[in-house]
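A, B, C and D label the chains in the order they appear, each numbered from 1.
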Amino acid sequence: MLSINKKKIFNDPVYGFISIPHEIIFDLVEHPYFQRLRRIRQLGMTHYVYPGALHTRFHHALGALHLMCEAIEELRFKGHAISKEEEIAVCIGILLHDIGHGPYSHTLEQCLVKGISHEFLSVEFMKVLNEEFGGQLTLAIEIFMDRYPKRFLHQLISSQLDMDRLDYLKRDGFYTGVQEGAISEDRIIKMLDVRNDHLVVEAKGIYSVEKFLIARRLMYWQVYLHKTVVGAEQLLVNVLLRAKYLAKQGLQLFATPSLAYFLYNDIDRGNFDKAALDHFAQLDDYDMFTSLKVWAEHEDRVLSILCTAMTHRKLFHVNLESIEVPNERVRELERQVVEEYHLTPEEAAYLVMTGSTSNNAYNLDDNRIQILYKDGRLVDVADATDQLNMQYLSKSVTKYYLCYPKGLLR
Amino acid sequence: MLSINKKKIFNDPVYGFISIPHEIIFDLVEHPYFQRLRRIRQLGMTHYVYPGALHTRFHHALGALHLMCEAIEELRFKGHAISKEEEIAVCIGILLHDIGHGPYSHTLEQCLVKGISHEFLSVEFMKVLNEEFGGQLTLAIEIFMDRYPKRFLHQLISSQLDMDRLDYLKRDGFYTGVQEGAISEDRIIKMLDVRNDHLVVEAKGIYSVEKFLIARRLMYWQVYLHKTVVGAEQLLVNVLLRAKYLAKQGLQLFATPSLAYFLYNDIDRGNFDKAALDHFAQLDDYDMFTSLKVWAEHEDRVLSILCTAMTHRKLFHVNLESIEVPNERVRELERQVVEEYHLTPEEAAYLVMTGSTSNNAYNLDDNRIQILYKDGRLVDVADATDQLNMQYLSKSVTKYYLCYPKGLLR
Amino acid sequence: MLSINKKKIFNDPVYGFISIPHEIIFDLVEHPYFQRLRRIRQLGMTHYVYPGALHTRFHHALGALHLMCEAIEELRFKGHAISKEEEIAVCIGILLHDIGHGPYSHTLEQCLVKGISHEFLSVEFMKVLNEEFGGQLTLAIEIFMDRYPKRFLHQLISSQLDMDRLDYLKRDGFYTGVQEGAISEDRIIKMLDVRNDHLVVEAKGIYSVEKFLIARRLMYWQVYLHKTVVGAEQLLVNVLLRAKYLAKQGLQLFATPSLAYFLYNDIDRGNFDKAALDHFAQLDDYDMFTSLKVWAEHEDRVLSILCTAMTHRKLFHVNLESIEVPNERVRELERQVVEEYHLTPEEAAYLVMTGSTSNNAYNLDDNRIQILYKDGRLVDVADATDQLNMQYLSKSVTKYYLCYPKGLLR
Amino acid sequence: MLSINKKKIFNDPVYGFISIPHEIIFDLVEHPYFQRLRRIRQLGMTHYVYPGALHTRFHHALGALHLMCEAIEELRFKGHAISKEEEIAVCIGILLHDIGHGPYSHTLEQCLVKGISHEFLSVEFMKVLNEEFGGQLTLAIEIFMDRYPKRFLHQLISSQLDMDRLDYLKRDGFYTGVQEGAISEDRIIKMLDVRNDHLVVEAKGIYSVEKFLIARRLMYWQVYLHKTVVGAEQLLVNVLLRAKYLAKQGLQLFATPSLAYFLYNDIDRGNFDKAALDHFAQLDDYDMFTSLKVWAEHEDRVLSILCTAMTHRKLFHVNLESIEVPNERVRELERQVVEEYHLTPEEAAYLVMTGSTSNNAYNLDDNRIQILYKDGRLVDVADATDQLNMQYLSKSVTKYYLCYPKGLLR
């Protein structure tokens, strides 16, 4: 039984209450690495469009943990053996699955820590924690990296229907106020089963799975890839690229020591050592936005224009289109920026951003969702549904964005 | 009719949607002064206890605006004349009622801007905005300061049953996940009426008013004055007091220019000029917490101990008691700190905090809530209810706190 | 302004509060014809599967009225002229759109009032009410029957995106507890506009429309055409067919006078006179189920078997399949019933039911949903969406059911 | 493990899903005695005021069962031994706690089954079921009747904080739409513990208990004792008294056989035999209301006036007052009825009803709620709270009603 001091219940507007199921989970939640997630928003700049979307990776990790406990209970109820050790390990795995996220991760990965994914970092963090905790995370890391024989345990952490996705869709829909994102995570969990070491869904849960896939796609277009959000993220990318450029020129930039470390050094997977990890473990939304506010007054006009746009929420105009943006259109907009803002062409390039973004709700290549019929048959959800056109839902859709200061001619 | 470009709808997890009712409201929302509220949490450090409580003063102000629009519609439906100008003014008044809040306001008022209340600052901000907007806020300021003849308009903004309280109780209950705080703001608004230029509540709304008073009191004890929250706030007070002390000694402290302004200068109501206002308008939660993170590594051990406690959420032990804490107990704890942490007595005093906090749910002295019976009688809610002991609810309850590092003997 | 005695607010678990907007609406709600809807469940026997689904047509009609008020406010806000008379008429139209429903309507139409639809009856009821109310419903009837020039008013009452559907999807999803049915009726209404006298939806509402179409289809399969519900309805059909058969034989059957009227007479559209209307206006769920309970003890074994199955909820086995049920399979089951229950072949036929049921979420032939782009273009939702396969969603899906007593071999 | 055919999940708008935990529970739910509860509304005529309040005793019993499962899990988590047999027994006990309820119970007890409480009937039903189930309910009956040594198990079924109350407050608040009734049943359950064989509540749950007591009282005044509801109930009492009177005169009254049994016989505790039980087991809301509809056309004018008032919802005027209604006022109203309706004084007495109703939220005499402090102290909630005036909340409040046809002078 849990020591009374480590019995803890978190209030959660989404599920009501979240209980901490094991002592080591309590200790990991208390660790500064995990506490850091309190300062990293789940949805970065999305609150600029949906002001309620301020929830953190801390709360998401606890929510996913809560769903994991329910999933394990359900699978045991259906007769699948899961040992106490496996239970704790899979709980640790889901709790720490995002521990490697930095602030505005996708943005950072493009400019601050080149080519270092948060998945890579999560494992790095877990290894350090495993040492601190005397090897108690070994099994969790095995499962997390999908090296453990019972593969369905890994699928609970990472697959097309894992506890991570169930929680983030539910939670993101809740905090944005986008009811369309609401999924029946409780019903899906009650329909989970295991066959051939794979997580499967009972046939009568198929509508909930369909709804889940639709909700996921809608959330992509309505929230995750909302054009204003995409525009704000690109603004931040260029802010950081410009700051790094200025740093290379030797200019002074207001920054916390850890942010300065990544501005004044080029860190990539090759030279990402313990020192880099320690600095990374200090970074959060606060470092970024505080600098942005100060940089809005910087003498470099490119930096100050971009930062002012962000802090005053005078965001750029964003087009989101189905075909690639022609080069000449970008050049023309840059020419207008040169004229309007009296910048050099090199500087102007920071104010016109283009690129692409894409998504598919279901991946046909990877670990498909299987539906379990009463007669024992297993059928890929893509074949089981007669409601959705899964070929369609699994098609990757790419959109091309073009961002530039408002007031320019298009 | 609203220009199409200024027609805006905000998603809100609490009410569904919030529409911006007038062009000038749109322009005020866009103003950097108001956008700043996106970076100031409504409940300061409360998210350390209730991790969902991350909502901002920005969202609260929009929510209160939403309720104001509904209240005006209801009062007009009941035959009370409210002109278009008055409607806009009262909407501006509620939108900007918290514009003078800084980050962690109550804490700041104790150490950074001595004796300057956020109410005073709100009016200062409104005056500056009024100039910018060519006098369009004049009527709003009149109503806000209760100088306008139709006093019930002021009461919609500020009274014991105003749109501010209705929104914050509802919203704080929602985001903390404390269902006990849930109030029926929609029912209360449908029961509002005006008699003798005073806002009153129809008799059949009395249960909702009772529930509102109970909920308010419960929220005080369960959320606003939660002992862990009180402890975290006192920690922050002492962080800033220590930082100011070090600043006075001429030590270097990492800080944004605007935070530095308040650390290195003593600002009070006497010398609060436009320069101070401009700096204040730059301050938000980011300045504070970023500095805390950097100061956790500061060579001054008092500062680093306090800041580490905060950033790693290794909060101090907090007692909340009904009687004043005896001086000798404080002294004894300070002695233990001296020994345990190898500090001087002066330094140790920063690690032991004591003081008091109090609240009453209903104020008998001030602008009582009046219940309107079908026969036209008006009765103070304290006399109308036979469910609650209003004498009790209106009694101010004071609690005394004592905070000190964990591990010390009590 | 509304007379104070006729100002009424209904509590609604779905929307919070529903206000009665006009005096005549109040009077119509009070009328026994409308009060009768309190005794007719919206979803007939569905509560046998979803025990919360006990909501009535009374509550649904009030809910649809509530949405109508919001839709009118939104359209006026967008500059479309709707006169007070038109507003009242369209409110009456939506309030009474289901006034012609009897208990378990779809079942009744198959056996008690042959070939008389509830739409036909709704108009009949409105005509009678129009006389009682001195012609005050004339415009409402014009709009309801789509004879009024402003056709978008009719579309608010009846189209692929009318207030009826918005309320019933929302309400049915709510009371069944099927979260998948949740739609954003508030967002859809905020996106409504009118072009060329047609209701259209602003482009940024397209996700909500997509979600609405998906939700509608899912509700069909998960609730409306749930196989247990289909089976219970067929049971009821055969109960009534058997009762009518026995009545024709001159046997005594316990029934209220009004139910007896329809059992002992053959009523169809040709002989549906005022007397029939008066009796119809007396029928509700109570007449039906009370008789079923008493008939469970009837000496006719077919009747008592069917009624006992219903009242004790020992429902029959139901197959729902994609291809038509072969005749020989039905014959074989009937043979088994003859043997097992010692019935004649004619009697046995009442215990084996077969037939089909079908639905499509979107109708391509009829009054398509149009999406309005910012540049003024109008595009059919089927062409506007790149998320859904509308060809698929609009395809009618037919399922064939086969019901028979449990325990038989298939 | 549960046989797969008996694994059943009910959708519940209140809790999401309710699982059936044991095979015998499944069998009891399927039994006609329990299925009968599908046809008995939890709140009788309350839907005349709150149209959503149509939920049944069937759904309430399942809801209370759901909470029981959670309470048992919580108590075991805290180290209290509860055997499998005890668990099943206490689940049966809560499932069947209301099995003895008839339609409109409180009304029936006043006129149809004189002096027979539903508690008495519940035990009778359980005994019959125990025989049918070969003694499997013996332990459940022991616990239900508080004859089992572990008394806290009984308290889970029946005490001031039992699963019955937790579910009905939650559920009634939900379906009426009265948010004030919302309680935190999940939090209360998480705070439950056992000391000295008594159910107690951990100290940090005290606010939730306070809220529960307040909510209970508010629900009484706003819902259970709402004057319109009280009036409708009295109407029904007098309908049945008049019907019995007419039956005694030998008049023919439309009724199902089972209702006729209670109309034409005087049944009380002395002659309540198996035949009476069998008839009682057939009675539900349908019998009552169907007769009311037919009686509205009865030649006896008293009966038809009362029944028409009910079926057309032309309810009587109701006064609810703090002091007893003087006899002369009643007589005066009866005189007016004689004149207005041309009735005899004896007949007129059926149209003027008076009596009293009372409630207290907390009972000081009986099995008080105990609060458990961290130091092990147990304190009565009445002494533990400093928010509420428990003396006040536990005071019984009596209200006197007076009902008479609208249009009469008072």
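Going forward, a contact is a pair of C-beta atoms (placed from the backbone, for glycine too) under 8 Å apart; a residue touches a chain by one contact, two chains touch by 3 or more.
These numbers were taken from a predicted model, which means no experiment stands behind them.
Enquirer: Going by the stated contact rule, which chains contact subunit A and subunit C alike?
Expert: Joint contacts, listed by label: B, D.
Enquirer: With centres defined as the mean of C-alpha atoms, identify the chain lying farthest from subunit B.
Expert: Relative to subunit B, the chain whose C-alpha centre sits farthest away is C.
Enquirer: Would you kindly tell me how far, in whole Å, the mean C-alpha position of subunit D lies from that of subunit A?
Expert: 50
Enquirer: What whole-number Å value describes the gap between the mean CA coordinates of subunit B and subunit D?
Expert: Using C-alpha averages as centres, the distance is 44 Å.
Enquirer: Quick check: how many Å separate the C-alpha centres of subunit C and subunit D?
Expert: Taking the mean C-alpha position of each chain, the two centres sit 32 Å apart.
Enquirer: Can you tell me which residues of subunit B touch two or more of the remaining chains?
Expert: 16-17, 187
Enquirer: Residues of subunit A touching subunit D in their complex?
Expert: Contacts found on subunit A: 1, 9, 16-17, 19, 77, 79, 186-187, 190.
Enquirer: Under the definition above, what is the set of subunit B residues touching subunit D in their complex?
Expert: Residues in contact with subunit D: 179-180, 182-184, 187, 207-208, 210-211, 214, 217-218, 221-222, 386-389, 392, 397.
Enquirer: Would you pull the subunit D residues touching subunit C in the complex into a rising list?
Expert: Touch list, subunit D to subunit C: 10-14, 16-17, 30, 32, 35, 38-39, 47-48, 50-52, 54-56, 58-59, 62, 174-178, 254, 256-257, 282, 284-287, 289-290, 293-294, 297, 311-313.
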